[in-house]
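Order of writing sets the labels: A, B, C and D. Residues in every chain begin at 1.
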Amino acid sequence: MKKIAVLTAGGDCPGLNAVLRAVVKTAINDYGISVLGIKDGYWGLVENEMQHLSFEKVSGILTLGGTILGTSNKADPFRFPVKKKGKITYEDLSDKAIENCRKRGIEALICIGGDGTLTVANKLIQKGLKIVGVPKTIDNDLSGTDVTFGFDTAVANATEAIDKIHTTAMSHHRVLVIETMGRYAGWIALTSGVAGGGDIILIPEIPYDIKKICERVKERGRRGKRFSIIIVAEGARPKDGDIVVSRIVEGSPEPIRLGGIGQKIGQEIEKRTGIETRVAVLGHLQRGGTPTAFDRILATRYGTHSVHLLKQGKFGHMVALKGQRITSIPISQAIKKLKLVPLNHPLIQAARSVGTSFGD
Amino acid sequence: MKKIAVLTAGGDCPGLNAVLRAVVKTAINDYGISVLGIKDGYWGLVENEMQHLSFEKVSGILTLGGTILGTSNKADPFRFPVKKKGKITYEDLSDKAIENCRKRGIEALICIGGDGTLTVANKLIQKGLKIVGVPKTIDNDLSGTDVTFGFDTAVANATEAIDKIHTTAMSHHRVLVIETMGRYAGWIALTSGVAGGGDIILIPEIPYDIKKICERVKERGRRGKRFSIIIVAEGARPKDGDIVVSRIVEGSPEPIRLGGIGQKIGQEIEKRTGIETRVAVLGHLQRGGTPTAFDRILATRYGTHSVHLLKQGKFGHMVALKGQRITSIPISQAIKKLKLVPLNHPLIQAARSVGTSFGD
Amino acid sequence: MKKIAVLTAGGDCPGLNAVLRAVVKTAINDYGISVLGIKDGYWGLVENEMQHLSFEKVSGILTLGGTILGTSNKADPFRFPVKKKGKITYEDLSDKAIENCRKRGIEALICIGGDGTLTVANKLIQKGLKIVGVPKTIDNDLSGTDVTFGFDTAVANATEAIDKIHTTAMSHHRVLVIETMGRYAGWIALTSGVAGGGDIILIPEIPYDIKKICERVKERGRRGKRFSIIIVAEGARPKDGDIVVSRIVEGSPEPIRLGGIGQKIGQEIEKRTGIETRVAVLGHLQRGGTPTAFDRILATRYGTHSVHLLKQGKFGHMVALKGQRITSIPISQAIKKLKLVPLNHPLIQAARSVGTSFGD
Amino acid sequence: MKKIAVLTAGGDCPGLNAVLRAVVKTAINDYGISVLGIKDGYWGLVENEMQHLSFEKVSGILTLGGTILGTSNKADPFRFPVKKKGKITYEDLSDKAIENCRKRGIEALICIGGDGTLTVANKLIQKGLKIVGVPKTIDNDLSGTDVTFGFDTAVANATEAIDKIHTTAMSHHRVLVIETMGRYAGWIALTSGVAGGGDIILIPEIPYDIKKICERVKERGRRGKRFSIIIVAEGARPKDGDIVVSRIVEGSPEPIRLGGIGQKIGQEIEKRTGIETRVAVLGHLQRGGTPTAFDRILATRYGTHSVHLLKQGKFGHMVALKGQRITSIPISQAIKKLKLVPLNHPLIQAARSVGTSFGD
């Protein structure tokens, strides 16, 4: 193997650059393979926008958030947006993508991304490309791996925010609602909520009862606690309802965040209890900043291992963490279903033991 | 002088505890005066809720955000909310407040607060109470002092948030709108915006033109910059409009933040330019966390100086920073008008020199 | 079970307070058991210094470093230091310790500590006390558990320090040597070294060759890299020598840190290469500050689980992390041997792949 | 004016990159002047190592510590080290430096540096170069300007370190000695010491009495305070002695830091009081990391203003902060004497009021 290429697709995630650095250094140091960086995910694969990644290019990026390659959400080669006469139509340009690889002498690809990215990778594999995957989801909801990089940083960012809000909450008689990421799985809300000492934590997996929440807030008041901190995953939902708060914008896989569920719950609590309520939507703050040491380590290990997998010919596999070991599993198996928080997860039990309510 | 009391009123602010610590330690160390802490601002003065502040009580609070005394917004002794038969009426209980001081042997008061708090203090002075003021506003919009404590921490928090969002912005083709505090004055948005390298900064003092903003965003795109960072003070407003976004809640001096102006501008930009836009409302994150070294120093100096002022009999004055010196000015003079950002402020000029637009 | 007691012994560690909070809350919430806090480790057990830990006492301590109970290193009840006529002699006061428990109605103990603490606990168990252990070592070198709390925070602190030093190193032509904790095991140096992108990492498990180190520094210079970052565990040692740098102070289990090995290596490199060298000894900075989210979670889980173990009668066991699960193992088994970094540990392999040298 | 050049010399300092960014952006935006960056301070001026600084080159460096140009300490053009036959001799190469400027069409220079750098600049001015200075000293000891950039970051870093050490100190019965920068002036120790709530602060301006220090430590013990935090500037010295701890390395303007005075004081206290003592030498940690918002603002204002000064022909001047205004003063006037902490400085008085001892 002489030349490979790497791309990052989907939402950005702390640790992406650490993976890229590890891929390039390992490829050169261990195997003398040169690496091309593809611009903006699959977009650059179709549009043939790539550049050589030298040692120099990946030097000093270990601590950097985001991705130096850029990324994109809407550039599926099998349904690629093409502007014609001011209108966008979607075409299958996967052959062009594959042809670009052939012409440039790219023998294999490393695709770093989430569910969507890996699904596309799988289809490209079926058309003959040699691909190894690196899982990426800040929400930690990918089955097949214990943890994904970026999650620890998101939890650290969210916890720091909760800590900050805690100090101001204690000075007032107030309810503070903090909305975290997590549309389908409550990992970030649960983990940062327990780490931040949240009084109530609402996650998609445990539908909440607004009456229980208000009861809890009032009961805290009776015990002399002037404030309550409520952590809400953006995908949290009430027991009885089918309320969908996030508005899906046409053509976008990501709903624009309107401070949806947090705002809604805050207003409801204020109305029902008469206690002043403030809402904070953490949003993009969670995926920003320098990755934690944990994420840099995990991302570095993923990066080096993905090159080893390529060299071993384990195409169609993605790297995964099992306990303390990096291993690999078939991509097809990983993308089958979301990893939700099990209702009997030990952290939920521990949280209940220290007095946290889940609004159920 | 044997006994004084201290209260913190209005919104909480990083550095309040540092002031309290300095007041207590200076009173005891320098003058052998004992200090009572009044609970929840003027509320505790009326309700006679106070406790002795020993060395022990203020030990270890220097680094703590918020205020150990608690605070309140709606407890003006001259218009005190009283619940009668389930309805709230407002009564003048200032005599009761003064009587509480007399009974407890409190010879003088230190009132730490903003505009509203100091206005009330001034009225209590006219009724015979001996009071020294310590100015507090996270927005830095109090005339009479160069800087107020809490402001540096708010700027640090906002700048850190901008830094975090910067890294994720760079990976996408996006506009990021970040809404900071600052209802009337743009100090936080201006300072954190320049410190965070914002491309466009919108402050109440410089009404914006949405067309200029969109032009700027597009022009950056033409120069190869894929993203734009826009810092918006919550009180920013368009040139031609009289749009008031924040909703004022009955009886509250503070509007509930609905992610107003930031959200509005974000949607407008997305509509006009077609570029994906994300909005972050920093809200209470800005006033949270441990105070910066600068604020701890300033708060400590304010605290010690306020006790010296009491001892010198300079009642009716508040402490103030002038250049590197702590001095004092009459409260009446300080609360006369807001300190807005002058249009020719050197920081605005410097910002323009490095290419920042103010949307004008 | 009506009443239990808890103590923290040995060096302090971020997360101790999180364990205490979880112990108290779980005991009260789940079982109605009341908890006594023992002052300064085994010292308070012998001297009968304890206090009731209410909800109030453990409120707000989750984010606090250190331990609210205090700790001590030199208070082994079986060899307790007693001052007589100005001279210190050592006596077996274990019976007194046990008698104190009996008198106060303490039915069981939770002992939080490292190797030394758990060894003492084991001896007390043999004398009839009912004890459950919670492992604590910032160095992560305790066998029987995958990770110990405090380690993630130490790594985060060390990594942050390396990051800071990195920026200044890049501006000069210099070698920067950073000494971390780790007298016997290199976990902190290895993990923070990889996370911080260290060029050379020296750990006790891999004796170094100073010539190899200097070669590496010079080779970097030839490739245009003006600086080198070297992470050294305090227990690192040369291949050929038996140099012991740390001086053991009489009666203390901890050597006073004299900036030993880091200083020594720095001077040697400067002498051999002629390149300016600077040394930073991180020392106590590593165990300070607020625990990371990871450590708060782990500590909370340890705390709740230790109470469950007591209730289940699993005396003589300590809590342990295995993969994602909290489990328990016999204390006697855990303290048998140190958990050193295996030479084929995947992180060492990954580090070599990205070009890190171990000086071997 | 069409072309100017800029250099950074002396020790690195947080904010240098912010100055460079502001210089380049202002030169291009406001005046259409192009800017060359000189490598490694005066070294590049003599060796003719320079590169064009485009917008692109200074993009994203605002938050970066260190300097992208590199710096050097030992490259005085008037006494330039030249290696001949393996021996270093010193030659006056100032004519060569000036000739390099002439050949490249450099019309004026901006020299960013401390005392030494500005002294050299002054000599080059006398030989006909047009130069404007930007003062840089992390120690804040330059007369002629109220504050220098980098100082606020150094104080923030030192304060954060003190905070971290505080939490671990509180769990033990110990004295913690923390050595900060400040060879001649005690600004960093004083400011971070007050901000961090240090019990004793030792600065060069106030010679200490070791007996007073020990008395204070013991007196705290009697009041039930188990620990004491002592902040020591590296240039602190005893009342009666002429002890110089730092060893000056031949040819280096900077002594190698051997953990000198902090270590010495720590050992003395341990010997005299019998209380365990730990020492932390902060060293290069203080100048590392991302600059604070305050320093970014100050550096940006310095950078823009220095270009304006060039354009106005105010050669031989350096920018300076007076109160809230940026102004300029003759370089010759600024480098005349060090700005020491006055013994009656208000911060010293405030520190004494809150109970801080200066060991005098």
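Odds and ends about this structure:
As a working rule, a residue touches a chain if its C-beta (ideal position, glycine included) is under 8 Å from a C-beta of that chain, and two chains touch if they have at least 3 such contacts.
Since the model is a prediction, treat every value here as computed from it, not as a measurement.
Comparing the centres of all chains, each the average of its CA atoms, the largest separation from subunit C belongs to B. We define each chain's centre as the mean of its Cα atoms; on that basis subunit A and subunit C are separated by 32 Å.
Inter-chain spacing, taken between the CA centroids of subunit C and subunit D, is 35 Å.
For the pair subunit A and subunit D, the distance between mean C-alpha positions equals 41 Å. Multi-chain contact residues, meaning those touching two or more other chains, occur in subunit A at positions 163, 166, 170, 290.
If each chain is drawn as a node and touching chains are joined, the picture is one closed loop, every chain linked to exactly two others. Annotation, chain-chain contacts: A-B, A-C, B-D, C-D (touch as defined at the top). Only residues 21-22, 25-26, 29-30, 60, 62-63, 146, 152, 155-156, 159, 163, 166, 170, 191-192, 194-197, 290, 292-294, 296-297, 300-301, 303-305, 307, 323-326, 346-347, 349-350, 353-355 of subunit D touch subunit B when the two sit together in their complex.
Subunit D meets subunit C in the complex at residues 8, 12, 14, 16, 64-67, 70-72, 157, 161, 163-173, 176, 226, 252, 256-259, 263, 276, 278-281, 283-285, 287-290.
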